[in-house]
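There are two complexes below, and they share chain A, which is joined by chain B in the first and by chain C in the second.
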Partner chain A sequence: MRNRVFLLDITRCIGCRSCELACKSEYHLAEGQSFRRVYELEWLTPEGLVVLYLSLACNHCEHPECFRVCPHRTYRKRRDGVVIHEAGRCDGCGRCVQACPYKAPQFDQERGKVDKCHFCYARLDAGLLPVCVEACPTGALNLREGEENLADTVDKIPGLPDPILTGPSLRFRLSGRLKHLLNRPNILGSFL
Partner chain B sequence: MSGRISRRTFLKGAAVLAATSGVSWSATKAYRWLSPAEAAPLAREEKVVRTVCSPNCWQTCNHLVTVREGKVVKIAPAPMPDPEYNRICLRGLTHIQRLYHPDRLKYPMRRIGERGEGKWERISWDEALDFIAGKFKELRDKYGPQAIAVVHQSGNYGLLNGGYGGAYRFAGVLESVLASGSVDQAVSIGFSSALGTGIFDAYCNECADWVNARTIILWGSACAESQINEWHFIWEAVEKGAHLVVIDPIYTTTAQKAHTWVNLRPGTDIAFALGMLHVIITRGLVDKEFTLNKTCAPFLVREDNRLFLRQGEKPLVWDTRSGRAVPYDTPDIVPALEGQFEVNGVKCTTAFSRLKTVVQDYNPAKVAEITGVSPEVVVKVATLLATNRPGGIKFGFGADRYHHADLLGQAMITLLGLTGNIGKSGNILGMFFAGFDPMVYNVNWLLPRGTSPKMLPLIQLQDTVIRQNPYPIKAFYITCSNLLVQTSDRNRWLREVWPKLELVVAVDQFFNNTLNYADIILPAAHYYETEEIVLSGDVPYVLYRQKVIEPLWEARPDWEIYRGIASRLGLGQYFGSIEEECAKWLDMPLMRQQGIDYQRLKKEQAIRFLPKPYIPWQDGKFKTPTGRLEFYLEKKVPQGEELPVFKWPLEAGPDSPQAAKYPLILITRHEKFRVHSQYENQPWLREINPEPFVDLNPQEARKRGIGDGDLVEVFNDRGHVTLRCRYNEAIPPGVAHIQQGWWFYRDGHHQELTHARYKENTLNYSFFDVRVEVKKV
Partner chain C sequence: MKPKPVTRLLLSMAREEGLTGLAKIVAEECRNPVIITDATYRILTGQPFLGVQYPWPEHLPLPVPLPSSWPELKGRVLKGTLWHDEGSPVNYTAVALGEERLEGFLFVLEMAGPGNRDVDDLLTEVSLPVLIELKKEKALLNQEKKYKREFLLEILYNNFEDYESLVDRGKMWGWNLTLPYALLVLQLDEEQGLPTTSEIILKEINEKFNEIVVDYAEKRGAIALDIKGQVVILLPYTLKEDKHQRKKALEDWVRELRRYILKRSPSFSFSAGVGEFYTRVTELYKAYQEAKTALKLGMLFKGRGTLTYFSELGIIRLLYKLGELELRDFWQGILGPLLDYDREQGYELLNTLKVYFQCNGDQQETARKLFIHPNTLKYRLKKIEEITALKLDNIEALVNMYLALQVMHLQRENK
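Here is the complex of A and B:
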C-alpha cells in the first residue's frame, strides 16, 4: 500500500525552509509547532563544515508506531497510506510523541492535544500537491508514486532510524560527493 | 533579549500612547491571533486573489492569496506564463503574520518625548499631513525646496508606492533632494561601463537561459540563500553537467554546493581576477575572433596620454594588411591584437597589449600569495571559463562591499569578453535585472513636465546635512528604507546628522530602529493592501499587483500619502488615480508595440515584455560609442584605472593602519531569513532564527577566551554591538560575521561599526571593508 512517498533530493535541497514555512502558514501552526522540519546535519570535510539539510515530516509509515501506541485510537491509516490523526479523540497523553521515531507528532500546549502532518490529504484528494512540495523553490522535495519508480532512490540515511522499524514513505536522492555519506554511517550519529 | 528589545521599546511607547489618548492596544496583543485552520477549508466566503510580493530580493514573486471572510488565510505561489518562474520563499510565506502582526503601526503618530525615547501620541491623518505640509512649506519658504530630502531605498518595487517610482515623482514635484542608491553598485559600475549601459540595465541573459551554461562562477554570491528562486536555474545547469565555481571567503550553503570553492581572503577578489586574466592571456586561451572584432582590444592607445589614438571620433587600429593605422570599423582589415606601433610620430600600443602588461605580474603564484588560494585553482577556474563554454559570472554583492569593487567589475567583464562569453545562450553577465532598463524606464512619467529632484547619492547625505552644503537639508522624508539599520556609521547619523534636522518623517510598517528616531510616523500599507504595477526584478515580465484586502487599521499606500502632502502644497495634480497613472506609465514604445496596456495587464497580471529567450548582445553590438565592448575605460585614465588593477581595500587589507588594533574583518552578509531588514520581526522566522550572533571560527574565539554562546562585544573606533558569539567553522579565521538586517541588539548596532567612506567614482557603501575586534563581556 505504500504507493506514495516523499522524495527528498538532498543534493538539491538548500535548506531554505520554505517547505516548513508553507506548512506553518497553511495550517497556522502555533509557536514551536512545525509539522515539517528542516534538520541540519553537520559533516566536517577537509574544506570546512558542510551542512546537509533534511526536510522531514510524518512519513505515513507502513507500520505506524503512533497508531500502535495510541490508547484512544486517534490514528487511522487511509487506503492510500495516509496516516491521519483525529485530533477530536486525542487527550494529549503524548505516547505517540514518544513512540514515533521521526518526532512527527507534536504536542500543542495551547490546545492540550497532539497534531501532525496529514499529507495535506484534502489537497491530495483534489489532485493537488502538498503545500510543502508546491512551495519548494528548488524542486528538492517531491512526491513519487509506485514502488517501481524508486530505483534511483535510497531509503537509508546515516543518522535516521532504520526504515525497517516502521516502513516510512520516505526516500532520498543523493548525487556527487554526497554519496560518500552512505558509506560513512558513523560520521553523523543520530540527530533526531 | 535582543528581539525583545524592540518589543519593549514599542510597548513603552504603547503604554504612553494609551495614557495620553485613552486608546488601549492590549486587545491586539494576544499572540495567538490566528486559530489553527481546518485541514479542509469549510464552505465559507472565500476568494483567491493574485498579487505580487516585492521587497529587494528582486524576485518579485507572484502570490495567490486566499481571503476568507475578509481575512488573509493562505499564500501560495501563482502560476507564471513560463512555469520556471513560479516562485515563493520562506519569507513570502509569512505575510499573514506581517499583515496581522500585533506590533504593526496602526495610526499616524507624533513624537512627544525626546527622539529615541519612545513616547508617542496618536494623531489623525489630517493632523499629520497638515503638519508635514505646513513644515515643508515653512522650510521651503525659508531655505528653498532643497531643505527637504526624500530618502528612499529598495523596500518596495511597486511603481506608485515603491522607492523607484512614486518617490521620484514626489521628490521631483517638490524639487527637493532625492537621496538614494549607493548600495550594490560598485561592481556593476565597473562591469556595465564596458557594455555602455546603466548599472541596473537588462544586460544579462534571463535566468531561464542559465540552465544552458557549462561553467558558472558565482562571485561573492550566496545565491542559494539570498536569491533562493534563482538557485534552481543554476542547479539545473549543474545537473546537466555544468561546473560550478563559488568564490567566497565563507563556506556558505552556496559554496558547499560548488565543484570548486575558491576560498580567497576577503577583499582580494581583484587579484584573483587578474590571475585568471593572466592565465587566459599567457596560455593562449583568448577567443581571438570575439576579442578582435567585438571588443576594444585592438584599439591603439597612445603612450603619451594613454587615450585611444583617434581620427575624428573614431579610435584607430593597426591594419596588418596595409601596415597603417585606420579607423577600427574600416572594412576588409586585419587589425593587430598586440604590438608597438608609431603613428605620425606618436608611440602606440594596443589596448590588449596594455592589458597584457597590467596582468603580467599576476601569475598564479603571486595571486596565491595575495589571495591564499592555490595557484592550481587560479589556473583551473580560468581554464574552465575560457574552454568549458558557454559560461558566465554571476556576481552577488559580497565582493561589491569593498572600496575598489568597481575594478573587480571591470575585471569580470574583461574576462567574459576575452573568453567570448557574451551574447550566446548559456552566458551569464553579472546579474539579470529587467525592471530598471531604459526600455521600461519611463522618465517622462517619473518626472512629469520638467519637474526634477536634486539627486544625491545616499552615501553623501550625512556630509551634506552636516555641512549644510550643497543643500541646506532640514527635513527627511524616509520611505521604503530602514535608514539607520541599512546604511553605515549609525552613530554619525544620530550624533551629527539628526541634531541638524528640524523634521524627520518616516513611513513604514513597524518600529524598526529608524522610526523610533522620527518625529512623525506614518503607517504604510502592506504589499497586499495596494494596487499598482510592479517593476520586475529578475523576471522578464511586467507585473500587476492586485489589492487583496483594504489597508488594515489606518495604514495608507505611499502614493496616497504623497498626494495628501502634495495637494496641501498645491501640487496634488501630479498624483492622479491608480488607474490613470498606471496607464500612463505603460504608455511607452516597448509596451505599445506589444499591445500591453493597463486593462490587459489587470487581466493577465504578468506579461512577458522581453523576447523568449532573452539573450542580449547576440549581434555583438554594444551601447558604447564604438559599439565595441570597451573594457579599456579612457575616463579612468586619471586614476590609473583604465584597466583593472589590484588595490587593497581601505580597511580590510593587511596594509591597513587598523589591522594591528582590529584584526578581524567584519562581514555582514544576507542570509535567508530576511530581505535586508524586512521580515525581521516575523514570529515564524524568529523561531528558526531567534537572535543575532557574531559567527567566529572557533580558533579565533578560543584565542580570545570566548566560548560558544558567550556574550561578546564587537567594537572598533566608530562604535560597538553586544550579542552572543556562535562558533562557526564555515567562517574563516580573521573574519567576524553578523547577518545584516537585525533591527535591535542588546546594546549598540552593527551599523555603528561600518563607515561611510566612498570612492569618488562609485559612491558605494563598502559595508565589508571594516575591521573590528571582539571581546567577551
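Here is the complex of A and C:
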C-alpha cells in the first residue's frame, strides 16, 4: 500500500484555521488540545512584511520517534504509513511528547493520556478525505498518495526540524515570491 | 522417432516437473551437466550428467551483470570459462533468459565431454520454455515471500496482538521467535561509480543487491526482508553472550557478508545500522527504528561502508534534535576562522583537524594518512591552535572542536 502524504500549498493558506477547528470539532478534543495547529509567521524583509501560515499536525513519519521511545507499545504503524496511537495502552508518561520534533503528540490533562492526529484513518478506509483536508476552503491542504504529483514540492522549509532523520510524510508547495524568500537559509529561525 | 527437445520440455512442463525436470532434459540433450541460475548467477537448479557433478554449491563465480547490460546479452549465446579452487577450469556455453529484462541464465558445462556442436542452436531453441518455467517458479516464490513479508511487517510496525500469537505464527515459517534477535538494517551505498545514474537502473541495482543479501542471510539461518530499498536482517543470538560478544559476532557476520558481496559484485558497498539488543520479539519494532536511525546517522558522519550501533551514537543523537541556527552558530564560532584561513591561504587546516580526530589524535598515523612529514603536521596543529585560540591538549577545547566538526559535517551533508 502506498504511503499517504499531507501536502501544504503555503501560498494558498490564508490562516483561517478551518482545518484546526474541523479536527477539534470532529474528535471533541479537550480545551488546549489540537491535533492540527496553524502557526502564523511573519518577518520583515527589504521588500516589506511577509506573513505566512503553516498548518501542521502529526506527520506520520517514516521513522517516528514517538513510536520508538514509547515504553508501552502504544504506537503502531499501518501499512499505508499512518502512525496510530492506541490510547488504551497509554499511561501518559509523555516520552513521545518530548521526543517528537514536530510536537504532534499532545497531553490531555483531563484524561491523563497523550493523543495525536491519526490521519482520520477510519475516513480514509471509507474512501473519504481527512476532515482537515475537506474543511480547507482554499485547497491549500491536500492529501497525496505515494509519489503522486509531488514533483514540484519540497520536504523542508526553514524553521521546521530537519526531515532527514524522521522522514515526515509532509510536503510543501511554494510558488512566486514566497518560494524565492523561503529559499534563503534560516530566514525563520526555529518556531516549534 | 525421438521427440524434439522443445517437445520434451513442453511435456515436462505439462507434467509439472519444474525447472529441475527441464534441466535434466537439457543435460541429456547436451550430454553435459546443466545449471539454471537467476539473474545474479545464483543456482536455482542443476543437473549432473553421467555422475559428473559441478563444484559450485550456491552461485557461479561470475560478476553480477548490471541491468544495463541486458540489451547486449539478449538472444546471444555466451561462451567462457568458470574457475574454482580445486580442479581444472570449466568451459561453458550459456544463454541469457529474459524478455523485457534479464531473468536468468541457462548454462551447459563442458565437464563430461567436449561440447556438442549443436549446443548453441539447442540453447537458443530451449531458452523460451525454460524462461516460462523460470518466471512461473519466480511468481510462486514471490507469493510465498509476500506472506512472509506481511508477517514480518507486522512485527516491525508493532501491528500484532501478543507474544504468543507471534511465536505461533513464526513456527509456520520455521522461525523460532522465542529466541532473542539482533536487528540490522543494511543499505547499498550511493556513488557506486557506475557509468549511468538513471533512476530506474539504480533501482534495479538496489533490488539486485537486496536479493543477494536476503538470499545470503536466509541460507545462514537469519530472517531477512527487503523493505523500502533497505534490507532488514534478524540474527538470533544467545543470552549467554555478553554485549561485547554479541557485537563481535555481529561484526564477524557483517565482515563475512562484505567478503561475499565483494566476490559477487566488487562495485557493491553497503552500510549497516544496528538497534539495541532486545530479548523479546515484541520489542523488535523499537530495534527497527533504532537501526534505521543508526544507519542514517552512521552514513552521514562516518561515510560509506560503515557499521553503526544505535547504542554508540552518543552525542550525535542529541545534536540532531537542536535547531539549525544554534548548531550553525556553534560550529561557525569555533571553526569559522579556520575555514576563512584555509580559503584565504589555500591551506588544509580543517581537513588536517578532521583526519587528526579520525586517527584518535595519533600524530604518526595522521601524518601518514595525510602523506605529510610529522613535523609538518606539528606545524599545522600549532597553527590550528593559534587561529582558533584553543589548545589541543585541553580536553574541553578538544571536545568542542570535535563536536563543531561533527555539526559542520552534518549541516553540509544535509544541504
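What we mean here is this: the second predicted complex is superposed on the first by the 184 of 192 C-alpha atoms of A that agree within 3 Å, B and C clash if a C-alpha of one lies under 4 Å from a C-alpha of the other, contacts with A are read in each partner's own complex, and residues count from 1 in each chain.
We take it that contacts are C-beta pairs under 8 Å (C-beta built on N, C-alpha and C of every residue); 3 or more make two chains touch, one makes a residue touch a chain.
For clarity, every value in this text was computed on a predicted model and none was experimentally measured.
**Student:** Can A:C16 be said to touch chain B (first), chain C (second), both, or neither?
**Tutor:** Touch status of A:C16: first partner only.
**Student:** Can A:Y75 be said to touch chain B (first), chain C (second), both, or neither?
**Tutor:** second
**Student:** Return first, second, both or neither, reflecting whether A:F67 touches chain B, chain C, both chains, or no partner chain.
**Tutor:** Touch status of A:F67: second partner only.
**Student:** As a test of reading the superposition: which chain, chain B or chain C, is in touch with more residues of chain A?
**Tutor:** Of chain B and chain C, more residues of chain A lie in contact with B.
**Student:** Is A:I164 touching the first partner chain B, the second partner chain C, both, or neither of them?
**Tutor:** So A:I164 only meets chain C here.
**Student:** In the complex formed with chain A, which residues of chain B make contact?
**Tutor:** Touch list, chain B to chain A: 31-32, 34-37, 39-41, 73-77, 87-91, 93-94, 96, 224-225, 228-229, 231-232, 235, 251, 253-254, 256-257, 261, 263, 672, 683-685, 687-688, 728-730.
**Student:** Show me the residue ranges of chain C that touch chain A in the complex, using the header's touch definition.
**Tutor:** Contact set of chain C toward chain A: 153, 157-159, 228, 282, 285-286, 289-290, 292-293, 296-297, 300, 320-321, 323-326, 328, 414.
**Student:** Which of the residues in chain A come into contact with chain C in the complex?
**Tutor:** Residue positions touching the partner: 62-65, 67-68, 73, 75-79, 101, 158, 161-162, 164-165, 186, 189-190.
**Student:** Which bits of chain A are touching chain B when the two form their complex?
**Tutor:** It comes out as residues 11-12, 14-18, 20-22, 24-32, 34, 44, 47-51, 108, 110-111, 115, 118, 120-122, 131, 134-135, 137-139.
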